[in-house]
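Next come two complexes, and both contain chain A; in the first it sits with chain B, in the second with chain C.
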Partner chain A sequence: MLKLDHINKFYGMRQALNDVSLELPRGEIVGLFGENGAGKTTLMKCIFGFHSYHGEITLDGEPITTKNIAKLSFATSEHSFFPNLSAATHRDFYANHFDGFSDKRYTALMDFFALPKHKPLRAFSTGQKNQFEVILALSQGADYIFMDEPFAGNDIFNREDFYKVLLGILEPHETVVLSTHLIEEVSDFIGRALLLRTGRIIGDITTDTLDGEGLSLVDYIKNTYSYRADRVSRALHTLTGEDE
Partner chain B sequence: MKKTSTPTQTEDTRPWYAPFVPPGMNIEGELIFFLIAMLAAMCYATGFFARLFAQIDLLYQYSYGERTLIPGAVMAPFYEVFNQAWTGYFIVLLCMLGWGIYHDLYYRQESKSIYTMRRLPDSVSFLRYTWTLTLCEVLVCLLFAMLCLFLSYGIYCVMTPEGYLPGGQWTLFWDNLFYRK
Partner chain C sequence: MKKYLSVYAMLARGSIWRVLILLCLMAAGQCGRFLHRLQNELILYESHVQQFAEEAEEITRLEQFFDFTTVSGTFAAAFLLVCIVLCLPGCGYGSVCGYTVRRLRISERAVFVMQALYNAMVFVILWAAEVLICLLLCHAYVTSADPSLVSHQTVGLAFYRNNFLHSLLPMADITVWIRNIIMLAVLSLAAASFPYKQRRGKFAADIVSYALLTVIFFTRTVGDGFNTFITVFCGLCIAAEVIWRVFANEEDGEEDTPHEENQYPYAN
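On to the complex of A and B.
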């Protein structure tokens, strides 16, 4: 269980995370949603210790240190691979450092995305870079796989295929936390939705509960965010002086 | 227990020095810079010989084309002749520390591989990848600086005519090095 207890994070005077408390058990696919600047990336970086914060983050009751950090993996749209290394050398690097590295999963995903194995990563297209970032995160052998906007730049066919593969390959003990703006796309694949707004958790709901209430994920998010459906017509009216 | 398939598939194909340099970094440029800088430092250090021969020459007098030692003359102290001939090595050392900082910045170029480095389960790995090469270069610089000092002193002693060496050389040397105003 990954537990976040009253996490607060400040960038100077600005509060990026405001009293965030969460429990993430193993075996879930969690969607992390929020507008730009809501604190999604900051939250992930705090979990990995890339940012300092106030509060407590524990994994199975222990603070996250070098002893247990291999249980967490990270795919980020900023990319965390080494641009000069090939995919094959990355595999060697990961196999060398992460005891749980799954060569089987790595090879299968490399084949699935048809990525070149001996070309430096810097020569990959943006889409391929994203795919490789995700492959590394999934192959590391982590129990918690964090993905921060992993598919920015990938076409819809690739993304949909990937969600299907993801569902097929995940072990029962693996949790995926997926931060994305592609809410409708992932709504069928996630089991829980977390909503962040201005650094605060404003919604935490399972898709089963949503189904029970007859609500779609998009509707739930719009309701929680107090989305004003008339804002487009009001804006057009202000701009053009005419009704929509 | 690794989940890797067969031994041949997981065989590490990286070069032997890979665990000691930032992954994917081309170290050729750095090594060439280091070698050229060391050569320059050595050239600078050879200035010692010019000063040594000039000082030895001062111990002699010339009369009718004959060269004889001046009775009661004393050779200039070692620190004066040495005149920080090792300075070049310390400049190289500072440059290599600068390269070390560049190693750390390298993880933020084009991607944020710093995130991978900071997630490595072995806490020593990050330091090993980033600083081993720099540490070796710094040690080589220090070794050459020390060699330069002791070799110069040995040559100074051998070349100075017997009985013309001043006493308390090292005290003078260190005093001059640390307390010079």
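On to the complex of A and C.
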């Protein structure tokens, strides 16, 4: 169980995370949603210790240190690989460094995305870099796989195929936390939705509950954010002086 | 142990082949120039030995060959390029590889120490290769030159008389050995601090300044205390700064950028 207890994070005077408390058991696929600047990336970075914060984050009751951090993996659209090294070198490094590394999964995903194995990663296209980032995160052997906008820049066919593959390969003990703006695309794929706004968790619901209430994920998010459907027509009216 | 070796292997795979290519180019450049000059000088000596004996003897002394064929200049160029190669592993130009370094099973400081040790090993290889090349060139000279020009002391005298050779292999000169070891340690630390600082969005001038200082002051005249003082003093200052920054200063590598503005408010 990954537990976040009253997490607060400040950038100077601005509060990026405001009293975030959360429990993430194993075996869930969680969507993390929110506007730009809501705190999604900051939350993930605090979990990994990339940012200092106030509060407590524990994994199975222990603080996250070099002893247990291998149970967490991270795929980010910023990319975290070594650009001068090839995919094959990364594979060898991960296989030697992380005891749980799954070579079978790595090879299967490399074949699925048809990525070159011996080319330096700096020579990959943006889409290929995203794909490789995700492959490493999924192959590391982590129980918690965090993905921050992993497919920004990939085409829709690639993304949809990947979601299907992901659902097929995940083990029951693996949790995926997926931060994305592509809500409709992942709505059939996630089991739980977390909504962040200005650093606060304003929504936490399972898709089973949503189904029971007859709500779609997009509707739930719009309701939670108090989305006003007439904002477009009002804006157009202001701009053109005419009704929509 | 495996977790440390994996980092070591990754550092080596990212740079060792570049270092080996540079060593080969350095060896080819130095040997090519030296042997070409040696051949020309021997032909000149043999054809004019009677008429220009004094002149010929003067220009074919072993220690002068190393100056005339710019062996030290080639070594300096190779050394600077090796420094650049050693600075690259762990840098994330086009990527934020600090995220990977900071979520390994060993701490980032341990990675820094491993990188410094790896750098030291590479600098030792560079030094050993240069010593070997110089000894081979000496051997080529001794076996090719006219017997009247060489004795069993020729090589030893060359390493004493030539400033570059003496700095490279100071034999009984303990002061230069100590200076060289300090130089090696400081260069290793400074090169390891380059990616450490780059991952924090900073530029490490340590390795640039000390590599240039090394190139300028490495070739030392016998008994030159000022040269030794400058290199050792600057080296110790740089080492202290690097160690303090990595081990004493609590930098968490956080880019303390302000919270991104809410660009797409869904609601009013």
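The rule we apply is simple: the second predicted complex is superposed on the first by the 244 of 244 C-alpha atoms of A that agree within 3 Å, B and C clash if a C-alpha of one lies under 4 Å from a C-alpha of the other, contacts with A are read in each partner's own complex, and residues count from 1 in each chain.
Everything below uses one rule, namely that a contact is a pair of C-beta atoms (placed from the backbone, for glycine too) under 8 Å apart; a residue touches a chain by one contact, two chains touch by 3 or more.
Quick caveat, the model's predicted, so the values are computed rather than measured.
Enquirer: Is this a clash or a fit when chain B and chain C both end up on chain A?
Expert: Superposition check on chain A flags a clash between chain B and chain C.
Enquirer: Is A:R231 touching anything from chain B or chain C once the two structures are fitted on A? First, second, both or neither.
Expert: A:R231 contacts chain C only, not chain B.
Enquirer: For A:G141, decide between first (touching chain B), second (touching chain C), both and neither.
Expert: In the superposition, A:G141 contacts chain B only.
Enquirer: Between chain B (first) and chain C (second), which does A:L85 come into contact with in this model arrangement: first, second, both, or neither?
Expert: both
Enquirer: Applying the touch criterion given at the start, work out whether A:K104 contacts chain B, chain C, both or neither, answering first, second, both or neither.
Expert: first
Enquirer: Looking at A:R122 after the superposition, I want to know if it touches chain B, chain C, both of them or none. Which is it: first, second, both, neither?
Expert: It touches chain B and chain C both.
Enquirer: In the superposed arrangement, does chain B or chain C reach more residues of chain A?
Expert: With both complexes superposed on chain A, more residues of chain A are touched by C.
Enquirer: In the superposed arrangement, does A:G37 touch chain B (first), chain C (second), both or neither?
Expert: second
Enquirer: Is A:E62 touching anything from chain B or chain C once the two structures are fitted on A? First, second, both or neither.
Expert: Neither partner.
Enquirer: Given 4-12, 58-66, 148-156 or 166-174, which one is the stretch of chain B whose C-alpha atoms run into chain C?
Expert: In the superposition, chain C collides with chain B along 148-156.
Enquirer: Mind sorting out which residues of chain A both chain B and chain C touch, each in its own complex?
Expert: 48-50, 66-67, 69-70, 72-74, 76, 78-85, 89, 92-93, 96-98, 121-122
Enquirer: What part of chain C is in contact with chain A in the complex they form?
Expert: Touching chain A: residues 2-3, 5-7, 9-10, 13-14, 88-100, 102-107, 252-254, 256-268 of chain C.
Enquirer: Give the list of chain A residues in touch with chain B in this complex.
Expert: Contact set of chain A toward chain B: 48-50, 66-67, 69-70, 72-74, 76, 78-85, 88-89, 92-93, 95-105, 107, 120-122, 141.
Enquirer: Where on chain B is chain A touching in the complex?
Expert: Residues 1-5, 9-10, 12-14, 23-26, 109-116, 118-123, 125 of chain B touch chain A in their complex.
Enquirer: What residues on chain A touch chain C, complex-wise?
Expert: 11-12, 14-16, 35-39, 42, 48-52, 66-67, 69-70, 72-74, 76, 78-85, 89, 92-93, 96-98, 121-122, 129, 198-199, 221-222, 225-228, 231
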